[in-house]
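In what follows, chain A forms one complex with chain B and a second complex with chain C.
So, the complex of A and B:
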């Protein structure tokens, strides 16, 4: 086996999911190519369950991940409902994912341990509602003063995100040159000050010009580009409330420290060095932070609020720096108080938005939890670790169902469970499939489990398909020697069945860095012949709907 | 309990309790059994049935803090419960050894496997460094690791899951123990590798005339491989019988339910599996009667009121704990009554009552 060919694809029918010649290669640490999946083709009709079987390392999980485009496959075509997934960009793929959900092997670690079950299950909904709800919250916040910021925030795009760190960099230089006291710092800052003037101001100017060229609101953009990271960060950390709070805390700390050292610096010497150093560090920290944050896509809603908060912060800092001792203290106290009130209002606004989302999601969450057989009332406010493995797997299934998917990919969903719980979950998947009209791709290493749930089974070995067929035929008349070995490995709950005489597969999977020539299974195959190492077997039909990629399948008539 | 003449291990009324914030949790409750030299015993039960705690209690591997262990564990006529830690350490390795579920977790990631295999030999058998290395080489070859000369000097992360478990087995076997306790040795592995590892344990047991306790949640794993099977539920033995007797004539509804929940190759696709609804009971505040009653399809009022004793069946060596044993007229009546009053649905599954 481990052969090629697409004979088993059902051309005459219209499959819901169609994978053709899928290739997934990884680069190993040594720079070699790991051939995880090499020419995998399969199709799944609507309402069908495809079972995918093979040992660890055969590429079955990689295939599953390639189907959901995470990561994107090296080559090949994946069509879901006629849409070519490999050609979608990130945003389009994100919008496709609700209909293509996944369930993972380890139920506990696939659930966020710090969230309640209510939020874990509703999270997909929150993601889809966040843009909308976030925008709504901001709209109502700004309604009284006009919705200028909302308009601006919706214009944020990739150029703005690229400009932000550059703007920050120039800001550092500018701040340093402004903050340095010429008398005491002249000596050590002279090397910095010149480049600061030479680089800082031109960079600012160029950025402003670039921004102006890029958009009608160009002039505002530059300021926003500096400020944007805070909006991005709020998206990155998930909880907007925390981020707003953090910004407030950081602002106050920064202002206090700066003020303290500026006052102290009138003493000159070391203190002045320290004050400038800390300023430099603080601004540098912000710059790195924003740089990191810029790698994440912005969530438009939360940006606008952060823009306002940070503009205030920036204005305050620049203003306070320019004042003399006593006025400085008064202005600082006043602005800190204003900041505090503002942050509190914003935080409250977001808490309300979250509470609204929770409330809106509640009927949906209850619906899916009930569907998967969980006791709803007692579990909503509990956290994942309070549940057993079987219950946690039910919760994972509920989460996958909440967006009404068409296709659910189950990657070894029962391998970590006890047999008694395994039976519960298998029954549940069957029930869910019937109730929600799902199409399943079910991955496992145990053929008995796969047989029980599947309409069609594909056996994989080292990144290729060995045998495809309806489960009954595959089990009653396995054609590929590898399928035979997999069947023999299943533990039989029957003491009369002599497990000691069963044929065992020898050794380990060959390295996918250098897969064997010809048939990939030949190194472990009990029936290996000379032809197997030179020629790769092609898919051929041995019975209706039953295909095998082997030169010498079990059915002797086909031996040529 | 009658003690066999050649018993290697005798466990009598073993009880292990954990002092938890919620109260005293009884993980193992009055377990008694004996194991003869060269025999194998399969211990089967779900997660939380107390099988792992029992094997650790026998090995005396549990810490003393917040854990109380009562009863006696006699190994070669010595009561392990009375041994001092230094005497126990002399026992671990040359006399009794254990294999755990997660092979990566039981190997030291920063020590070469050759050294880990040789460690026991150096400590217990007084081998020199060179002798221990050549013995380790022999052991690795015996457990089926190819190119052992090269692989001796590799670290655990360079091995696959199955190969790691082989190394753990080599370490366990190094000092020729008389008793090997394997606690879910294959649960983390693929079926193909599982079969290889079980074959390996089997083969080594026969070669060395070693006794084996194989702990698992899958009746299929122990079916063709052990002399006797002990089914545990809620920290108790609920059924114990020679393997063939158990499969031919199981008495305990829990054993039957465990067997029925395994997907069978012979059955057609999409056949409904008879799962066991609900979960094992909370062992801090366990229900009064039979501990399996809330999940049992034969349950009657008597089961909820009164806990059945472990009684002998007609076949010698077959013990079970049930008022309505599977296959009896009483159980058929009980099932019919439950179907009539809606406790059991038409497919024969207990209707899960959420509490």
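So, the complex of A and C:
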């Protein structure tokens, strides 16, 4: 078995999901290569259900995870609706994820024990809504400031190009001269000081001295130093986010250095602290915010707030440490009160936003929970461990459905459940498929489970496909020796039939570290011949739509 | 209707009493002790404590009495107020040091455990690097190099303590994160399109937090002891400011005539550390049994 070849792929039709020559290797703990999946190909048409069956360890779950790109497969192609998933970068893949959902084997483990059912089911909505609203708000701001900076840069492009490096240089110089006045840093920075004086020409020196004399001037200077290069670069790079990010990088670097010198050198002077604190706040805010804005525009708002609060806190701490006695107490209580109000306001704002989002999500959540047959009343605020396995699996299904996916991969969704519940969940999946127009990939280790729900069944052994076909043919006339063994192993509800006579598959599953040569099933195959160990069987069609990868399938002359 | 309500009530009562029982009386005793200590330490300036640096003539080495509840030390200062002001120092150092380590070590551990692979290896090396420095030598050299005049001793104490606690906390978080990342809900969160940051902070962190909190309480207790040891060597916050370790040190010569000078600060340190450890252990136990149900 375990054949290669892609004869079974339906070239004439346009499949929704198409996996071709998928290879997944990973390193074992001993550093050896585990060949979990080797050349797996399958296609699934829209609205079809594919049953994927094999023993545990045959690579079916690995295949499922490779399809959702976590982790990415070693080689091969996976096309979803014509999009090549393996070529998407992380962010593009993330945006594609809503249409490709997954249901897991262990229903309890697939729900976060610390969240309520309401939040578990609504989380997909939260993820995408937060992103959307964040983006909208920030995007307009960006356009405005971006345009402003573009304007500045085009107007002052030539002077800016000269002034910007000067501004930066003098800024650095100012910083160095300022810091090196301090006793403890004298020795550290003396080697820096001399070249700084050399480079820092008379003009720069005057500018720097002015800036150093007045912290306010320092602030103005800083703004100049930030805006000018911003303009220059934005003219050059075109993209606003890039520019913001770059400037942010410089400025945050600067902010860190600044913070360090400040805390070190002047634990005393109150006025100095206050002014530099405000300055630092502004710089740090701009810096970190822009850095984040560059990477994740949607997150810029809340990140900025966090940075702001943290900066404020840090400055307070450093400021208060520098005070003495009664002033310390007074300032401490005052700032504690201010902080308290501030944090309370922020917390309230967040709570409000969360509550609003919850409310907005509620009808959706109720709809899917009802669709999967859950009692909505009273279950929304409960935690996952208060539900049975079957209920938890329903909740998982609800979570997968809330984003209206196209393809749902079910990774042994019923094998951890009681037999009595299995049928319910299978029926539910069938219903959901009809109601939501889903395409299912249904993974199981048992042929019986997929028999009634699949349009097409693929049998997998040790990382390769043995046999593919419609269930009618595959179950009644299995061609591959492995499939026949699997079918014989299905327990029969026939009282005459002695279950002990059921065929057992002999031997152990060979190690995927060193799979057998030729046909991978040959170590356990009852029909094995010499050819099987030297030549790998290729997929061939035995009946319409029924493919098998075996040198000696059931209907061949040899067996008759 | 009434019957229904009644039944609900009893169930609620049952549940709360069960949680109380599982934590035990000792737990609440420990919590209240720490609460009282923290309260006194924060509001020491407002509460009617005596000036901790004022010497009362003629009360040298006096035992506990009506006006000096815990007695007087070798030069006649009020031990009670010195214990309270000493708590200020100890708690600030322990809490701030642990918090810094918690933020840094926690983020490192979270990232290492979640991303694994190269990130993990790099971050683990970083953590291990801080472990190879013998703490006391690091501490003494830092002090001698950066702060021989004891001006910024508090700053350096906190910095060093934080540095030393990063690795243990980071490792605990890393191991926990790895275990939780195996759970399918993490994959589920990725599948719905959540960013890595969101998965880490919304899905994994809440599950790691309980053990993290109880572990940091234990780290806090350790820092209090280390501060005592450091003060015993005369390397902690310089003298007029009371610290427990310094008080123990100063009481040593009078141990034969006035053991209470040493005993009182030692006792408060002992109780604080015991309480912290106890609370940490209890919480750990509770969360572990809860996790076992899942």
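Of note:
Here, the second predicted complex is superposed on the first by the 381 of 560 C-alpha atoms of A that agree within 3 Å, B and C clash if a C-alpha of one lies under 4 Å from a C-alpha of the other, contacts with A are read in each partner's own complex, and residues count from 1 in each chain.
Keep this in mind: a residue touches a chain if its C-beta (ideal position, glycine included) is under 8 Å from a C-beta of that chain, and two chains touch if they have at least 3 such contacts.
Since this is a predicted model, take the numbers as computed values, not measurements.
Aligning the shared chain A places chain B and chain C next to each other free of steric conflict. Of the two partner chains placed by the overlay, only chain B lies in contact with A:488; chain C stays clear of it. Touched residues of chain A were counted for both chain B and chain C, and B has more of them.
In the superposed model, A:473 lies in contact with neither chain B nor chain C. Legend: residue contacts after superposition of the two complexes on their common chain; A:375 is shown touching chain B, with no touch to chain C. Within the superposed three-chain model, A:109 lies in touch with chain C and out of touch with chain B [touch as defined at top].
Of the two partner chains, neither chain B nor chain C is touched by A:88. When both complexes are overlaid on chain A, the residue A:554 reaches neither chain B nor chain C.
Touch criterion met: A:396 reaches chain C, while chain B stays clear of it. Once the two complexes are laid over each other on the shared chain, residue contacts for A:101 go to chain C alone; chain B is not touched.
Note on the superposed arrangement: chain B and chain C approach each other to a least C-alpha distance of 7 Å. Here chain A touches chain B in the complex through residues 55-57, 373, 375, 388-391, 418-424, 426-427, 430, 445-449, 451-455, 471-472, 475, 485-500, 502, 504-505, 507-509, going by the rule given at the top. Of all residues in chain C, those touching chain A in their complex are 45, 152, 154-155, 183-185, 187-195, 198, 203, 206-207, 291, 293-294.
By the touch criterion stated above, chain B contacts chain A in their complex at residues 46-48, 146, 160-163, 190-196, 198-199, 202, 217-221, 223-225, 243-244, 246-247, 257-265, 267-277, 279, 352, 354. The touching residues of chain A, when paired with chain C in their complex, are 65, 68, 70, 94-95, 97-98, 100-102, 104-106, 108-115, 123-124, 127-128, 267, 296, 321, 329, 385, 396, 399, 403.
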